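In what follows, subunit A forms one complex with subunit B and a second complex with subunit C.
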Partner chain A sequence: MGKKTESVLRLLSNKPFVQGALVLALIFALANPLGLPIKIDPMSKKVYDIMENLKPNSKILYVASAPTGTMGDLIPQSVPLIYHLMRRGNLKLFFIGIGESADHIMIYIDSEVFKRIGYPEKYGLVYGEDWVNLGYVAGREVSYENFANDVQGTILIDREGNRVAELPMFEDVHTMADFDLVIYNGEKSWMPIQYWTEKFHKPLIVLTHTAMLPIDVIPWYTAGQITAYLCGVRSGADYEVLVDRPGGAVAALDALSISHLFLISLILLGNITYMVEKIEGKEAK
Partner chain B sequence: MSNILRSKEFTTVLVFILSTLYVLHYFIQGVEPFDNLMLTIGNWAIISSAAAAGLGLANLSIIHVNKIRKKESGWYWDIWMVSVMFFTFLLGSITSSQSSAYQWIYVNVYQPLGTSIFSLAYLWMCSVAVVAFRVKNRDAAFLMLGGLLSLIGNIPMVQVYTNVFFDAKTWALNIPVRGVGSALRISLALGLVLVGIRTWLGIDTSYVALESEGG
Partner chain C sequence: MAISTDIGVWIAAIMIIAGYSIIIKNTVVFKFAERTVLGLVAGTTAVFGFEQIIKLLWIPLTEGKIVNIIPLIIALLLFTRLSKEYAYLSRIPIIVLVASGISLGITRNVSTIIFGQIKGMLKPIPTGSTIFDIIGILIVPVVCCSVLLFFTYTREHTGALGKVSLIGRYALMFALGVSFGNFTATRTNYVILPLKRILFDWLGLVV
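Right, the complex of A and B next:
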């Protein structure tokens, strides 16, 4: 029995084994969706209700600012949310990327998000009148501050090469005060809070990933500076169910459940084996 | 002239002037000439940030070409790196970042690679958690309980049948973790204020690279 417990402990301490077993569990879950049940998180429902109750012709600023590595956690939330906004058909959507990695997100929105859910024209939105892609702005804090104080001075040309000042939807958009809602998709939510929310008191919805939730979102949310948030694939799956468009996030939830359960079982097995070994050691003495 | 522009004193004075303007602008708002001046300076900063990408390209090229010339260890990987870097750069410059070829490289090569690298952290954390969450003493027991609580609370399937773990995880996030997160944020902010004041007043000049000091 002693040798068996020792070999189990050695196996569980072997990183390649644990990582390989986890990868196999993930592949199994992704290849064979089990259709495990999910329960809608109240925060996801809150975001959905906010989007659903937006007044017609509300000006929504969608800001992408996330490094490529975290897109696996951020895009599953963005897709159903952007779909929801476009499905409304009566909102004014402004897409912009701010920060060093933002151009990647803008490319992804162009090439993948719109390909999956359809381009805005499919929902009756006209470019320049109902939606605009402003491309990306380099710089960080300075970009946020400049954009907030002078939108048309900071972005002269949109991503299509049009002069922003000549687009109909910018007739009454000059500063951050002219937007009705800001959706921030990134991991540095203190920037829009500091330069936009605090100064212009705009409602802010944050799309973030799981690792940043406790540090980057919860303190601001409980202080009332973030109105609501979505977090990771879990929220993405909730939102896909809410907009009645199950997709990649719902499929990934099975993998999330399986991988978590697998990890918990390994942890418990390791502890049980460790306890048995300790007891055997005491008995041997 | 170039000696003056490259001197530490010039850079320090420039930083002091710009910092003073930004601090004053926080308190003095609504004066149109001042607002316009700050917007112009901000736009210069944005342009400089964009130019930094080009500077990074040049810097990487110099470093890796030198390694290739000297045939340092793994120099063939430097050839690969420089080739891919310039190919992507030229493709985006000649066509545009909206061209299908450029987007194909991004969506099918760059983005999956970036996400995979980030995902490796998850696998590594899991393998470490299996060893770290072993109850060897009281502190390790608390660590394991917290970790298990967080893991179980994150399983969507469990929440369908019982809210206990989800509520416990939410409580933990909103009370103790939020407290720690806020404390971290405040500490970080105080540190940043200190660094900001030191940089503003020219006490900290570590951002200035001087050739005479080998920088």
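Right, the complex of A and C next:
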């Protein structure tokens, strides 16, 4: 193996170097945005149109169900989407965290999403009448099934300590059949499909992170079991443009492009080194 | 550029930097951040768990819903693990948990995952479809069958079976490649959020 090839290989297999270079590239891109044009993905537009065309007083169930670690990819979509729902008005918004890791993401929605776009009251929404934070429900299959069949019996008390049965919003909400749309922010999208939307024939919008798209969303979408989806920072940026409120996702998009270029260049470099190594090996023989 | 005066933002920024110090070396700074996060998560989870017990079990029980005594007893049986003599009783809550999950899972899996996905795979070609749409629709059942045949080991993969299973192998490699690429992209996205917090929230960078 030649000295140059060896040093390139050593550099590529040096984890601190690769990770450090990636972090530096991201910092540079975040601090100096290139302002690359954003081409709206048809799927983001589809989600936007669904939200725009919701009938007045539609009941939207917004479910957070994801590990805290995935929030870097999930929150950028949640912010413009929730903003859109609140700005539109005339909707009944039910926020809930369900699943084994959803307790943390519910805190995050509260502190991060609302902190950035303002609490629903800012948009004229009244707690208990137009929006409600149902807090967190532990468990998986059983919780999903129970919630679908008896919403009030599964929740009992909301995040603010109110009895849900006493809230005006819950007058005609008893089962999953009473909701008009489910927005699922997280992994394992087959869970709401299995227990909620297929059984009660409800539309489902999934907000997923990039890694889960081919295995967790596309098969269900092509089979017609998911109505539409948003995916990662990219969709978040699309949605920010659609709602005319550029924010964190748009700011992160350049950094994302730079990071992809960085990774592609590493892959190319790795492959070139591999080929050079092979040729050098042949020559040596 | 104005540095934040919010103590919460400062703590978050210091913890992020401490967390990313692993890039250089696994030092006491990283270990402190790691253990703090673990402790914090464990503490929050415990609080949420306790809150669930109060909300769903204790309050209804005190209001006369006597039937709630059954899940309470089942849950308490978990603690019999602490005694060698009665440890076998701890199997009961585990059985209840596993059985309820599996029974619900199986019943819903059949209709959603098996029938729903097969129905989606064999959908008719809509009128007005382009040649690319038709190819796309046809690829799905072909790939599905070839992957299933790839995992069939009752016969040697030679002849026609070998050729079909080869398509399955390539399809699997393609799918795994796509998954790997997406996972790599996601991991990068996870880094962007903390960096934004440092640059914009903490250091007050305006771009």
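Quick note on the criterion: the second predicted complex is superposed on the first by the 267 of 285 C-alpha atoms of A that agree within 3 Å, B and C clash if a C-alpha of one lies under 4 Å from a C-alpha of the other, contacts with A are read in each partner's own complex, and residues count from 1 in each chain.
The working rule: contacts are C-beta pairs under 8 Å (C-beta built on N, C-alpha and C of every residue); 3 or more make two chains touch, one makes a residue touch a chain.
Everything quoted here is computed from the prediction, not taken from an experiment.
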item: Touching partner for A:110 - first (subunit B), second (subunit C), both, neither; value: first
item: Touching partner for A:248 - first (subunit B), second (subunit C), both, neither; value: second
item: Partner chain(s) touched by A:36 [first = subunit B, second = subunit C, both, neither]; value: first
item: Partner chain in contact with A:67 - subunit B first, subunit C second, else both or neither; value: first
item: Partner chain in contact with A:27 - subunit B first, subunit C second, else both or neither; value: second
item: Partner chain(s) touched by A:12 [first = subunit B, second = subunit C, both, neither]; value: first
item: Which of subunit B and subunit C A:56 touches, first, second, both or neither; value: neither
item: On subunit A, positions contacted by subunit B and by subunit C; value: 15, 19, 22-23, 68-72, 103-104, 107, 137-138, 140, 142, 145, 154, 190, 210, 213-215, 219, 222, 256, 259-260, 263
item: Partner subunit A, residues of subunit C touching it in the complex; value: 20, 23-24, 41, 44-45, 48-49, 51-52, 55-56, 59-60, 100-101, 104-105, 108-109, 111-113, 116-117, 119-121, 123, 140, 175, 178-179, 182-196, 199-200, 205, 207
item: In the complex, subunit A residues that touch subunit C; value: 15-16, 19-20, 22-23, 26-27, 30-33, 68-73, 75-76, 103-104, 107, 135-138, 140-142, 145, 154, 156-157, 190, 193-195, 198-199, 209-215, 219-220, 222-225, 232-233, 248, 251-252, 255-256, 259-260, 263
item: Parts of subunit A lying in touch with subunit B, wherever the complex brings them together; value: 12-13, 15, 18-19, 22-23, 36-39, 67-72, 100, 103-104, 107-108, 110-112, 137-140, 142-143, 145-146, 149-150, 153-154, 159, 190, 210, 213-215, 218-219, 222, 234, 237, 253, 256-257, 259-261, 263-264, 266-267, 270-271, 274-275
item: Touch list for subunit B against partner subunit A, complex; value: 35, 38-39, 42-43, 45-50, 52-53, 97-98, 102-103, 106-107, 110-111, 114-115, 117-119, 123-124, 126-131, 133-136, 144, 147-148, 151-152, 154-157, 159-160, 173-174, 177-178, 180-182, 184-185
